[in-house]
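Take a look at the structures below.
Each of the two complexes below includes chain A, the first together with chain B, the second together with chain C.
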Partner chain A sequence: MLKFIGWRFGRALLTVFAVLVAVFLAARLTGNPLDVMYPDGLPPDQEQRLLVQYGLDKTVPEQFVNYVRDLFQGNFGISLREKRPVADMYAEDIGATLKLAGCSFLLSVIFGIPMGMIGALKRRTGAGRLVMSVAFLGYAVPHFIIALSLILIFGFYLHWLPSTGNATIWHYILPTITLAAHRFASIARHTRSSLLDVLSQDFMRTARAKGLEERVVIFKHAMRNSLIPVVTILGLQIAGLINGSIIVETVFSWPGIGRLFVGAVMKRDFPVLQFGVICFAAIVVLVNFMVDILYVIIDPRIRTEA
Partner chain B sequence: MRNIHKPSIQTEGVCTPEIEDVSVGPPNLPPGASVEKNNFFDRFRAAPFSIQLCILLMLLMALTAVFAPYVAPFDPNQTSMLERNDPPSWMGGQSGHLLGTDQLGRDVLSRCIYSLRVSVGIALLGVIIGCMIGVVAGILSGLLGGWTDRAIMMIVDFQLSVPFMLIVLVGIAVFGTSIMVLILLVGTAHWETYARLTRGQVLTVREYQFVEAAVALGATNWRIAKRHILPNIASPIIVLLTLNFPSILLLESSLSFLGIGVQPPTASLGRMVGEGRDYMMSAWWLVISPASFIVLLTLCIQLIGDWLRDVIDVRLT
Partner chain C sequence: MGAKKMYRKRMRPCNLVRSTVFALMILGLIVGVFGTAVAQAKELRVGLQSFDDGTPGLDTYHTTNAQTQMQNSIHECLIEREPYSQPLKFMPALATSWKMIQPTVMEMKLRKGVKFHDGSTMNAEDVAFSLNRIWQRTRPAYDGAQGRFFYNFDKVEVVDSLTVRIHTKRPEPLIEVLLSDKCAGIVSKEYHDKVGFEKADLAPVGAGPYKVVSFKARHQLVLERFNDYWGEKAPLDKITFTHIPEISSRITALVNGEVDFIGNIPPDQEGPLQNRKDVKLLGVVWPMFHVYAVSMTHPVTGNKKLRQAMNLSINRELLVKGLWQGKGLVPKAHQFKEYGAPLYMPELVTVKYDPEKAKQLVKESGYNGAPVVLTFLPHYYTYGSLAAQAIAEMWQKVGINVKLQSIDNFPSDMKEIMIRPWSNPMYYPDPMGAYDTHWSKAGWPYRRNFFKPENPKWDALYEKARFSTDVKERKQSYTELLQIAQDESGYILLYQPYESFAMRSDIEWKVPTNMRPYALTFRAGQIKVGK
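Right after this comes the complex of A and B.
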């Protein structure tokens, strides 16, 4: 077990390192950051001074070493546009994103798993088909169209809910539903197929033959086994949540890091992008690492050899 | 070794029907491969009505996209200041535009038709690029093994662990927003699905006797890949292509919607939705029309993909 954890941890570190290298190379490909900061050009002596100040006169490998050292010292760079530390900018906005993503994640799990169960247990009835059709729609319709439809209906026509910002609790409803739609659909679909797999197993027949109540058969024997693959899917949802929050935050003017990120792409503010990618990647890698370990704890049958 | 028909099983003079069946069957076929030839029309007729409808709709959309200049009633970029935000003609619009006009007086239907061309074109090229990268990487990984395999699988892990939207956004920030860059970037989406599929298939096929025989006869890796591996992965690849297509289409339209995908004056479905958003209160048709095209396209292809997966019966991880 310890060996397994160590091995997985090593791979996680390696991935984060690969992200660091990739981001660094991408940053060098954008050319001279001074051109972005001072679009009108600089006198040669000032330019030379700034090159030395930012360490841009060194060779690329030397720059990489400095860059990694700066990261470890907590020095994540200065925004080219706003001229302040990018870490501060992210620190201001991450709360809003975490709240939105957390609510959506909870909502999608709370609805997704029971919906998937209905889809599997009542698959030949209208209810089962309806549930899976809704899940299918949630899966195939893009975030921004769901968002705009909700804004049109509940914001413009009915005037029930606000559609921009995050001032009150009412502001959470539309973005949370939008962001949860995809995740809900994917959780429901996976729960359904995994439960269907389990339902056709021999031990289900045995459980029924023993005369157990249907409730016990479903919840104790079927659900427990079918949730194992779903747990892995939950880990992968995090990457999906981040993808989605970039769109959803922009549509709903949500003051989170997704919107910050899109803004940085448009302004070509590379230090902001760089920090964002490293943060997001680290979060995803960390979550997947924890899911892997959780997986082994839930299901002792999985061999812990790498 | 799978020596099913050993003569030693046979008893003197008697041959049980099961053994005869085995010896008649094609030797060494991989599981799931079928001998009978199914042509497209047989499958189409056997499909449920909803799938037939989807396929017909897709054909219609494809034809519309290809023949856009002949189908579109107006020039998509022709502006007309007098006919700005005119509602669809069947809703009281004065200028006779079937789906109304946009904020610059351009015909929405014509713009949708041209956008269809751009969006579908980008998604199609993107899917093909991704498929080629993935298949080549999978074959290299499976056939060469060792360090090549490990390196490629590490890149696959990398791709899986970084949210793909971030890679694309950084790519756009670095290379700018031209249509070529966009195609290449969306092309790198999902290549890892093909790579994993191909690699798995290579590892399976390599164990079959006919491949062993081919190696013994001096076949090169290239020949084995072409003659023995590609035919075996053709059908799951088609399923993957159909399933990945809508997600690439959505990626492009999301980017264009944010304003960092296809750039004006080129119209793309996502871009039209993004531009129409500002006028949504007064001119809802600017958003509804392109959005319906997007939803219809993705729903149909997704349904076809799900159906194909069940028919061809591939297990995709």
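Right after this comes the complex of A and C.
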């Protein structure tokens, strides 16, 4: 077990490092950040002074070595535009993003798994078809369409819910539903197909032949065995949540990291961009690492194989 | 005892009435006092499309359309402009009087006892600090303001604690109008020294009628009335500016009662707000041109006849009708009615549409069909991409082989760029407020070899239009300058854009004509909020 965890952890670290290298190089391929910061141009001496100040006068390998050294010393860099530590900038806004992502994740699990079960167990009924049609819609319609539709209906016409900011609990409803729509649809579809697959296995027939109640057959035997692919999907959904939140935050004026991140890309603020991507990668890798461990808990065969 | 009891019994109802009346009076007083307070507590919630240009901050040096929306409430200048007067009037503000003591030196007496938002008292050192840092470009961040407004300003000399002298490099006919721009706002030196440039930018301490309570970069700014303001107190207790970039969300937030005031509504989005009793729409044709800057030094567009053909082949009426629902304005020349008399010349027409002449010019130019690349940023300004596509068609029709190129940011080296969009807002109500701020030798087009008029009269005429103290001479020179500029066609004017503000129907506000576009004025006498 420990060997398994150690192996997966090492792989996770390597992945984060690969992302670090990729984003560092990709950022520098976009061009000189001073071009965007000072669109009217700078006198050559001032430009040189700023390049030295930001460490951009050095070769890319030298910049990379310095950056990694600083990272290990807990220095994540200073924003080129705001002249503030990037960690502070993310710390100010990450809370709102995590709250939104957390609510959406919970909502998508709470609705997605039961919907998938209904889709599988009642697949030949109207309820089953309806549930999966809703899931299909949630999967197919882009975030911004859902967001604007909800704003139009519940904000503009009905005046039931606020459409901007995060001041009260009511402000959470529309962005949470928007961000969750795609996730619960995905979870419902995977739960359904996985459950259908398990329901057709021999051991299900055996369980029923033993005279077990249908409730026990479904929840103890079928659901547990169908969970592994669903857990994998849940892990991947975390990544999607952060991605999706960038659009949702823009439409609902949600004060999260979305604008910071997009602004960093558009304005070539390398330290902000690098820190954001590394954090994002670390979250995804961490979640997948936890999913790997969950596999072992759910399915002892994986532990044995490991 | 019996009598006493009787008395008590008899008095009880009386006491009860008295007590009730007394209680009601107290209650009335409380309700009156607090009710009045509640009724008078006026907050304005503003939804803004943009908050910054990527560099958050509210210090005076920022010159963007985004930040100007908020800066006007926070900062105070030595001289203030009356926002609506025609002709332009100046009002004493942090300076009580001023006079030219030499052709290049203006002496200003400062107002005594002016408080900054941090409670400190303004003196000449604050004035010198606020202006010298920008005029002398002590940081690259100040380049924009310095190049656009203050390149002729030298230094502030401190005479005594309430007297300063403004030194210009040469006589400056626009000295008052430039000193009344918010980039010449006065900030607390003591505060800057204490907290440093970055923090002072994010939480500025000025001397305007509202003070910053909180500023969350990219998201929200909260202002509160500054009770120690030297002048008439602000009419609002609190202003909250919230960044709502998406137009549908901004409109919904207004209709839904989440905000009271929004801007940047293009004509095609006005529909949901029209004919509503709870919302008032206020349209404005901005004193601003959407412009194509054409490289006068590129091997292809360096051909003057080709540039003239491009200029003559744009059907601006059609663009205004098709894109702006007829609400924008087709320019006659590079000038705005906001200049007022005598410098605005309604009879002057330099911009023309003549596709037949354009075809002829293309032939005469010896143009060999090489691609003419129109480079644009997709979201640079409203309908910019659509305009580029329509104009490309118009140019194709007169025989120009146009290629459209969409990019994310313009490069610092403009050598490869042939044509790029730009905007020319009127920064201050004077011909130079829109011309010198863009096409002077201090501007990027000239410095980057993009705008190089060939006409030998250009420099002399520019000199007179910019620096002459004789108004007639300035007017005459400016007229000739515009005619030459049309002949040179180093820039192509497209139209004046139209946008709307929308607000709660009980709000009374009007667009300030003497300020730059997008400046929001919420000072005393500039806004009334009904409830």
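Quick note on the criterion: the second predicted complex is superposed on the first by the 272 of 306 C-alpha atoms of A that agree within 3 Å, B and C clash if a C-alpha of one lies under 4 Å from a C-alpha of the other, contacts with A are read in each partner's own complex, and residues count from 1 in each chain.
Operating definition for what follows: a residue touches a chain if its C-beta (ideal position, glycine included) is under 8 Å from a C-beta of that chain, and two chains touch if they have at least 3 such contacts.
All values reported here derive from a predicted model rather than from experimental measurement.
K.L.:
Scan A:I177 for contacts with chain B and chain C and give back first, second, both or neither.
P.N.:
Neither partner.
K.L.:
In the superposed arrangement, which partner chain does A:K83 touch: chain B (first), chain C (second), both, or neither?
P.N.:
The second partner, chain C, only.
K.L.:
For A:L199, decide between first (touching chain B), second (touching chain C), both and neither.
P.N.:
neither
K.L.:
With the two complexes superposed on chain A, say which partner A:I145 touches: chain B (first), chain C (second), both, or neither.
P.N.:
first
K.L.:
Regarding the shared-chain residue A:R11, is it in contact with chain B (first), chain C (second), both, or neither?
P.N.:
Only chain B; A:R11 stays clear of chain C.
K.L.:
In the overlaid three-chain picture, which partner chain does A:F156 touch, first (chain B) or second (chain C), both, or neither?
P.N.:
Both partners, chain B and chain C.
K.L.:
Contacts for A:A101 in the overlay, against chain B (first) and chain C (second): which applies, first, second, both or neither?
P.N.:
neither
K.L.:
Under the stated touch criterion, which partner chain does A:I233 make contact with: chain B (first), chain C (second), both, or neither?
P.N.:
Touch status of A:I233: no partner.
K.L.:
Once the shared chain is lined up, is A:M266 touching chain B (first), chain C (second), both, or neither of them?
P.N.:
A:M266: touches chain B and chain C.
K.L.:
Considering only the contact definition stated at the top, list the common interface residues of chain A for chain B and chain C.
P.N.:
Residues 148, 151-152, 156, 250-251, 266, 268 of chain A touch both chain B and chain C.
K.L.:
Could you list, by residue number, the parts of chain A that touch chain C in their complex?
P.N.:
Against chain C, the touching part of chain A is residues 31-32, 34-42, 46, 50, 81-84, 89, 92-93, 148, 151-152, 155-156, 159, 162-165, 250-253, 255, 259-260, 263, 266-269.
K.L.:
Please give the residue numbers of chain A that touch chain B in the complex, ascending.
P.N.:
Going by the criterion above, the answer is residues 11, 14-15, 18-19, 22-23, 26, 29-30, 136-137, 139-145, 148-149, 151-152, 156, 239-240, 242-243, 246-247, 250-251, 261-262, 264-266, 268, 270, 273, 276-277, 280-281, 284-285, 288.
K.L.:
So in the complex, which bits of chain C are touching chain A?
P.N.:
Residues 47, 54-56, 140, 143-144, 147, 197-198, 216-220, 242-246, 248-253, 255-259, 272, 408-412, 443-444, 447-448.
K.L.:
Which residues, counting only chain B, touch chain A once they are in their complex?
P.N.:
Residue positions touching the partner: 154, 157-158, 161-166, 169-175, 246, 250, 253-254, 257-260, 270, 273-274, 277, 280-281, 284, 287, 291, 294-295, 298-299, 302-303.
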